[in-house]
Structures are given as structure tokens and as C-alpha cells.
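There are structures below to look over.
Here subunit A shows up in two complexes: once beside subunit B, once beside subunit C.
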Partner chain A sequence: MKQLRGNFDTQHNTYIAAGEPLIFHCHHYNTFLQATLEDTKDYIDIYPILVDSAQEITYAQMLQCFTENHVTDIAERKQIVEDFFMFCGYGKFSLENLSADGGKVISEADHYSYGWKSKFGLRSEDEPMVSFFTRGFLAGAMEAIFHLPLGSMDCKQLTCYTKNDNEVSFELYKAAKSKVLLNSPKQGKTQNYTLNNPHNTGVNYLGIREALTNMPIEGTPSSKGMIDAFGVLLTRMYSNYYCQTSYRMLKKLENTMGADGLILADQLLTEAGHVCAFNTFGGIMESAEWNGLIKPMCQTREDWVHGIVAVVNAFGWGFWEILELEPAQKLVVRVTNGYESNSYLQTFGKSSIPISFLAKGGTKGIMNLIYNGDITTQPSLTDEYYAEICNSPKAFSVRQTKCRAMGDNEDVFEVYL
Partner chain B sequence: MLLLELLGDFGITEIQDFKKYIPTAKNTFKIAFEDYAYISGAIEDDTIYFTIPKQNESLIKDFEETLILWFKKTNIA
Partner chain C sequence: METVSVKLVKDWAKDNCPPLSWQRVVFRVLPKLNQKGVFLHFFEKEDYMIQEDVLAIINAGFEEIFKKKYAYTTKNEVTVSKSPEVKENNTSNVLQTNSSINQDFTDTPVKDVKAWVLKNCSPTAWNTVIMSLLPKMRELNMTWRNLEDDTFILESKVLKEIQAIIFKIYNKNLNITQ
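Right, the complex of A and B next:
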């Protein structure tokens, strides 16, 4: 059976699978970002954005995969889709009962459904079920499998763990009115670059990147397509899914609320990146893999900063490098070929404000974890600890001082007290 | 060769060969109990991790209660 896996491209620090860039992110970011986006529902129609963005990307990717590999058999196409969904840590389902007219899909596990329940608990009766990404994925995949036009299918969620159901299930059907959906930005406006080892630390960036990109971090049939690693549920998520949902929200808020909308979106999206950093970076820095691979190279806390920045270079987020580090005071990070700028430039062109919100929140999280708290002592990464080190008056602040989407050659972030 | 690494040859432990990429690194091991739980750590390190995936909620609860009971008994002793 053919499998869709993709490769890590060292000239872009990106994982590419059938033209789509994939990046590592955890359930904390996935669900917190979704919660952030859903919070705008009283101002904008956010729910179609959450589904349609996934549908566009999955359709484009699967179509490219089937075409490049000359896969015409429907059963084989279904298997590729099922396997890829599982490999990426999205969960596990069977498309056996699906026909060109639609059908029911039952999941043995679903990342968003499980991740949400794990982080936030159950949803109330008046709230929708949470697996918007899976709905879009299934609709887009189905269109590619059966040669259907993009936007011709729709998908609703029937059951969800967040509603205390015992399973997660969906129904696919022909859309009453075809949706006008767009092409995926794919890799976007990219930059070629070469990662080098810095001279002011013993941390081996290149060795760390090579070790981690060769680790088998993937969902399997026995794990039901869930990737439980570093204390979080990981996914190899489409970077364009984060970008399309976030930036479409940003644009709609701007249209509705003007400059206030941009400020609000900036704060919300940056905080989502900050939450991600606390949980994912924190979990990594307390893991067996950190103890084995990175900690032996760390003599000082500054080496810990280098260590986690080196790890980020294996996530597919682009190239992260430290330009300046003043212990416990200031951090300046440069991001080259950052996925946020790549996608924004491709879809929207030039921006009037800096738009690399994940990187902004992420760099701030690094300093709060290492200097405001002390991750080297292995504290429990609880909500209370987050409030103590990340949302207190002592917490670091951050600004994006250069942004490719605004015309600069690089994305640069300054974290300061 | 260490026992853990030897057990890796038999598929009992999963060894991450980090030394291949960075000679000063420590390799890591993982012993999985199917998908219910796993023990991991860096070889020749002083910390061992016992991990129960989040999906196994009832097992997490049982394990925590057993651990609390064990510590109480140990303290009494």
C-alpha cells in the first residue's frame, strides 16, 4: 500500500507532504487556538472558516498525492487518507462505508475531540461539537478520492467525546449549495537558508535537528492515531490550517472592528502561542529525550535557551536562531522561512501589522519558562504555574521588530522585561 | 552493551540512538506496556519516567491512587 509521509527539507526547515507543509503542534495549542477563534463567534461567522480551511488544504494535498503517485483505485485512495490521518496524530477512522454520495464515518479516536475534553472538559448543550478540522479534512479528502469538485461536499459531526459520547462520528453528504473554496497556499513565499551551529554555546543545533527529525514521532494503529509524547498530544498539522483560520479571523475582525479588531486578534493569537510554548516547550524540557539528547550539552541556563531553540528547528516552523541573549533580561530571535510569513504573503500579500503571532508567543514563553520560572527544576506544568510565571507582572513582554509580511527580509522578535 | 540496549535487539525496549548524532548525548530507552503505559528514560541517567497516555483516564486515576496508598504505607513503616 502506498503511504503519504513527506520529507524534512533542510533548505527550508519544513516537512512537506504532497506539497503541503506540516508542523508539529500540541493539543494545548490546537484547542486553545480553536477556543480563541470560537470566542469571536458573536462578531464574525467563524465556524465555516474552521471547516473550510481544512477542506481546501486536504483536497489540494490528496489530489496532488493521488496524481503524483498515479493512484486511481478508490479503495487505495481511501487507505492512503486513513493512514495519513493516523500518521499525523489526528486520530483514526475507517472510510469503508463511504461512497461518492457520502456516508457515515466512525472514529476510534479524534485528536481535537480528545484534546479538548482533556484540556477543557465537556462542552455545554448549546455549544457545537469540536472536531471542525476533521469535518473539513473528511470533506476535502472525499472530494479528492471520488473526483468531486472542491466545495461540493459537506460534513457534520454526529457524536463527540466533549458531549460525553463514547465515540466520535461524522456524516458526509452533498452540500445543498456548493461552497466557494480557494486553493491552498501550499508552501507559500519561501526562503532558502542553511542552519549553522552558533559559536557562543556548546549546544549542537545541527545534531539536535538531525536526531529529532529522524525520531519516529507518529500515530500508529495501536495508538489509534494519537501521538502522546513529551507530556502532550502532538500532531503533524498543516501549517496552512493555523494560518488560514487565524488570518481569516484577523481580516474579519478588522473589517468588523477596525484597528481595535487587529489589536484584539494580536493579543489573542499571541497568547495562543504563549500557551503552546509553556506546555510543549515545558514538556520537552522535562522529557527523557531532553535529558538524553540536549541536557548533556547544557552548562548554563543560557544553554537551555539555545537547546529549546535548537529543538524548534526540528518542528518545521522555519529556522530559529538567537541573535542576542542577555541572561534573564532579553532575548532576540530571528526566524527565517517562518511558516506564518510564508502563508500570509502567499494568501494576503503585504500586511500593515506584524503577523507572526505564534513565534511571538513562543519566544516569550521560552524566557518565562527558563528565567521567570525555572524549568531546570522540573516544576509541574499546571494552570497555576502558568499564571504564576506567564501572566504575572514579572512576566516578560515581547514585540515583533521585523516582519517579512511588512516588507522586511526576516522576522525578528525581542523579548524583554 | 548495556542490558537495556541488548533488550532493544529483541524488540523489548525501544532505543533512541542519539549518540549516533551527538557523541556526548545519552541514548534513551522506552519499555511499552502495549498502549497503556510506558517506562522511559535516558540511559545512565538518574531519572526514570512512568507515562500513562492521556487517553487512559481510568488507568491514570488507578495509578495515582495506588501511588498515594504506597507512599502512605511506606511512611507508616
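Right, the complex of A and C next:
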């Protein structure tokens, strides 16, 4: 059986699988971001955005995969989709009973359903089930498998862990009215670059990137397509999914609520990145891999900052470089080929506000973990510890000082006290 | 009509809800606030007084997202009110009322605990236990895969967590001492 895996592209510092950039993100980020987007449900039609964005991306990717590899057999196409879903940590399902007319899909595990319940608990009766991403993924993949037009299929969720069901299941069916969906932005407006080792630290960025990008961080049949690593559930998620859902929400928000809405959205989308940094970066800095590979390179606390920035260079988030680090005071980071700007520029063109929310929250999280809290002492990364860090007088703030989507040549972030 | 300052509500949220909870709530109810003639910049002044009807909108947001609401008994006294009809599904916040909260358990293999749970709670209860334990896995120094390994030995501290979960959800006391 052919497998869709993709490769790490060192010219762009990202994973590319059949034309789609993939990046690592944890269930804390995935679910917090979705919760923030869902907070607009009373005034923005957010649910179709969450489903359709996944449908567009998966359709484009799978179609490219089948075409490039000359895969025409339906059974083989189904296997490739099942395997890729599992590999990326999205969960595990069987498409065996699916025909061109649709059918039922039962999932043994589903990242969003599992992750949401573990982070936020059950959803209330009046809230829909949580796996919007999987719904879109299934609809888009099915269209590609059966060579149906994009937007011709729909998918509803039948059961969900967040509704206290014992399984997650979906039903695919022909849309009563075809949806008008768009092409994926794919790699977007990219920048070529080369990662170099900085001179002011013993941390070997290139070595760390090489080691991490070759680690088998993937879902397997025995893990039910979950990637349980560094204390979080990881995914190799489509960067375009985050970008399309977030920026489409922003556009609608701006039209509906004006500037007030944008200010809040900025804070909350940045917070999603900060939550992600706390849990994923924190989990990594307490892991056996960190202790074995990176900690021996760290002589000072500043080396810890370099160490985690070096790790980020293996996440697919573009090139992260420290321009300035003033211990316990200030951090300035430049991101080249950041996935947020790539996608935004391709889809929407110029922006009037900085839009790299994840990178903003991430850089702030690094300083808070190392100089506000003390990750070197291996604290438990609990909700209480997170609140303590956020509410501390030593908590850091962050601003994006340069943004490619606003016309700059690079994305730059300044974290300060 | 009762009023309360923005500062009081923000401080209460800081003490009782996760970081950025004030922003999430305002984000959710923003159109309703605008309809009342209240805009975001009003809240930048911490001494801005929130009217009762606006507080009701904000509280509805807190209840929807965090199952909590701000309440006052006098103008200066703040109390926390929890919605009684909603169960919090966060194991770290379980309110234990059963008598076995401090019970120590003998180390027991997964197989026996799972069998007891399935027999006494529900056919799907073991999955519920696994998922409810996920946020505590790191603290308990285990992974969820351990709970799918029949031979894995569950220590007393893990069994206490399981006891808390099944008491909260199924109102049962874990009895595996025999």
C-alpha cells in the first residue's frame, strides 16, 4: 500500500505532504483555538467555517496525492486516507463501508473529541458535537476518493465523547445543495531561507532539527491514531486549517463588530498560542528527549531559550531566530517563512493589523516558562501553575513589531516585561 | 438598580476562572453588550460601573463557558455562585462528598479495576475513566495506554482518582478490596 507521509523541507522549515504544509500542534492549542472561534457562534456562522476549511484542504491534498501517484483503485485510496489520518494523530476510523453515495464511519478515537473532553469536559446539550475538523476531512477525502466535485458531499457527526458517547461516528451523504468551496492556499507566499547555528550559544540548532525531524512522532494502529508525546496529544495539523478558520472568522468579525471585535480576537488568538507554548514547550522541556538531547548543551538559562527555539525549528512553523535576548527582561524573535503570513498573504493579501497570533503567543510563552515560572525545576504543568504564571507580576507581554502581511519583509516579535 | 465596578468582576474572574476568561466572556456576548449601548472601551476604565442588566449578560457568558457566575450580596461583598444543574467535568475540581475520599487502596492490576468498573458502573464506564484521567496522566506518571494494559498495576493514588471519577459520574464507591 502507498503511504502519504510528506517530507521535511529544509528550505522552508516545514513538512509538506502532497502540497499541504503540516505543522505540529497539541490538543491544548487545537481545542482552545476552536473554543475561541466558537465563542462567536451567536453572531458569526462559525460552524460551516470549521467544517468547510478542512474539506477544502483535504480535498486538494488527497486529489494531488492520488494524481501524482496514479492511485486509481478506490480501496487503495481509502487506505491511504485512513492511514494518513492516523499518522497525523487525528484518530482512527475505517472507510470500508463508504460508497460514492456516502455511508457511516465509526471512529475508534478522534483527536478533537478526545482532546476536548480531556481539556474542557462534556459539552452542554445545546452545543453541537465537537469534531468539525473530522467532518470536513471526511467530506473532502471522500470527494477525492470517488472523484466527486468539491462541495458535493456533507458530513454530520452522530456520536461524540463530549456527549458522553462511547464512540465517535459520522454519516456522509450527498449535500442537498452543493457548497461553494474554495481552493486551498497550499504553501502560500513562501520565503526561502537557510537555518544557521547562532554564535552566542552552544545549542546546536541544526543538530536538534535533524534529530527531531527524524523522530517517529506519529499515530499508529495501536495508539488508535493518537500521538501521546511530551504530556500532550500532538497532531501534525494542516497549517492552512488554523489560518483559514482563524482569518475567515476575523474577516466576518470585522464586518460584524468592527474594531472592538478585532482587539478581543487578537488577545484570544494570541492566548491560544500561549496555552500551546505552556503545555507543549513546557512538556518538551521536561521530557526525556530534552534531558538526553538538548539539556547537555545548555550551560545557562539563556541556552534554555535557545534550546526551545531550536526545537521550534523542527515543528514546521518556519525559521525562528533570536535577534535579542536580555535575561529575564526581553526577547526579540524573527520568524521567516512563518505559516501564518504565508497563508494570509495568499488568501487575503495585505492586512491592516498584525496577524501572526500563534507566534506571538508562543514567544511570550517561552519567556514565561523560563524566567517567570521556572521550567528548569520541572514543575507540574497544571492549570493552577498556568494561572500562577499568568497572574504573576513577572508575567511577560508581547507585541508583533513587523508583519509580512502588513508589508514588512519579516515577522518580528518582542516579548517584554 | 445594583451596579458593580469592572475591577470587581475582573478580579473575581482572575481568582475563579482561567486566565483571559474575562476576554472570552466579553468576546462571546459583545453584540448583546453593544445592543445595550456598552462598548469594549468602556471596560478599559476599571471604575466603570456595570449596570445590573449588563451584568446579567456578562454572567450568562460566564455560566455558558465556565459554569460559574459572579454574584454580589452587598455592594462590596463578592460571592461566587456555581450553577447547581451543571456538573463540572474537570477531575481537578471534583467536589468530593463521599465518605471514601481518603480511603487507601491496595495496588491492583488494571484488569481487576476495569472489571469492577464495567460491572458496577456501565458498559462504557472504563472509557469514561480513561478520558477523565487524561489531564492528570503526567502528574500520575503514567500514560493512557497503561489503562489499556490489563497487567499494569494501579497504585493507590491512581485508584483514588478513579474513585473520585466514578463517584462523581456514577455515584458509586470503588470496592476492590476483596
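Simple rule for what comes next: the second predicted complex is superposed on the first by the 414 of 417 C-alpha atoms of A that agree within 3 Å, B and C clash if a C-alpha of one lies under 4 Å from a C-alpha of the other, contacts with A are read in each partner's own complex, and residues count from 1 in each chain.
Here is the rule we use: contacts are C-beta pairs under 8 Å (C-beta built on N, C-alpha and C of every residue); 3 or more make two chains touch, one makes a residue touch a chain.
The shown structure was predicted, so the numbers you read here are calculated from the model rather than taken from an experiment.
Chemist: Quick one: on subunit A, after the overlay, do subunit B and subunit C clash, or do they fit? Just give me the call.
Modeler: Subunit B and subunit C clash in the superposed model.
Chemist: Scan A:69 for contacts with subunit B and subunit C and give back first, second, both or neither.
Modeler: After superposition on chain A, A:69 lies in contact with neither partner.
Chemist: Tell me which partner A:36 touches in the superposition: subunit B (first), subunit C (second), both or neither.
Modeler: second
Chemist: State whether A:264 touches subunit B only (first), subunit C only (second), both chains, or neither.
Modeler: second
Chemist: Give one of first, second, both or neither to describe whether A:390 is in contact with subunit B, with subunit C, with both, or with none.
Modeler: The second partner, subunit C, only.
Chemist: Now for A:256: first (subunit B), second (subunit C), both, or neither, which partner does it touch?
Modeler: second
Chemist: In the overlaid three-chain picture, which partner chain does A:211 touch, first (subunit B) or second (subunit C), both, or neither?
Modeler: first
Chemist: Check whether A:228 is in contact with subunit B, with subunit C, with both or with neither, and answer first, second, both or neither.
Modeler: A:228: touches subunit B and subunit C.
Chemist: Tell me which touches more residues of subunit A here: subunit C or subunit B.
Modeler: The larger set of subunit A residues in touch belongs to C.
Chemist: In the superposed arrangement, does A:297 touch subunit B (first), subunit C (second), both or neither?
Modeler: The answer is first: A:297 touches subunit B but not subunit C.
Chemist: Identify the partner contact of A:376: answer first if only subunit B is touched, second if only subunit C is, both if each is, neither if none is.
Modeler: In the superposed model, A:376 contacts neither subunit B nor subunit C.
Chemist: For subunit C, which of the listed stretches 43-51, 115-123, 151-159 or 169-177 runs into subunit B?
Modeler: Once both complexes are placed on chain A, subunit C clashes with subunit B in 151-159.
Chemist: Would you please give the residues of subunit A that touch subunit B in one complex and also touch subunit C in the other complex?
Modeler: Of subunit A, residues 114, 118, 223, 226, 228, 231 contact subunit B in one complex and subunit C in the other.
Chemist: Using the touch definition up top, name the residues of subunit A that touch subunit B in the complex.
Modeler: The touching residues are 109, 114, 118, 204, 207-208, 210-211, 214-215, 222-224, 226, 228, 231, 233, 287-289, 291-297.
Chemist: Within the complex, which stretch of subunit B touches subunit A?
Modeler: 16, 18, 20-22, 24-28, 30, 34-35, 40-43, 45, 47, 49, 51, 53-55
Chemist: Which part of subunit C faces subunit A closely enough to touch in the complex?
Modeler: 14, 18-20, 23-24, 26-32, 34, 39-41, 64-65, 86-90, 92, 123-124, 127-128, 131-132, 134-135, 137-139, 143-145
Chemist: Can you tell me which positions in subunit A touch subunit C when the two form their complex?
Modeler: 35-36, 39-40, 42-43, 114, 117-122, 124, 161, 164-166, 223, 226, 228, 231, 256-257, 260-261, 263-265, 267-268, 271, 283, 380-384, 386-387, 390-391
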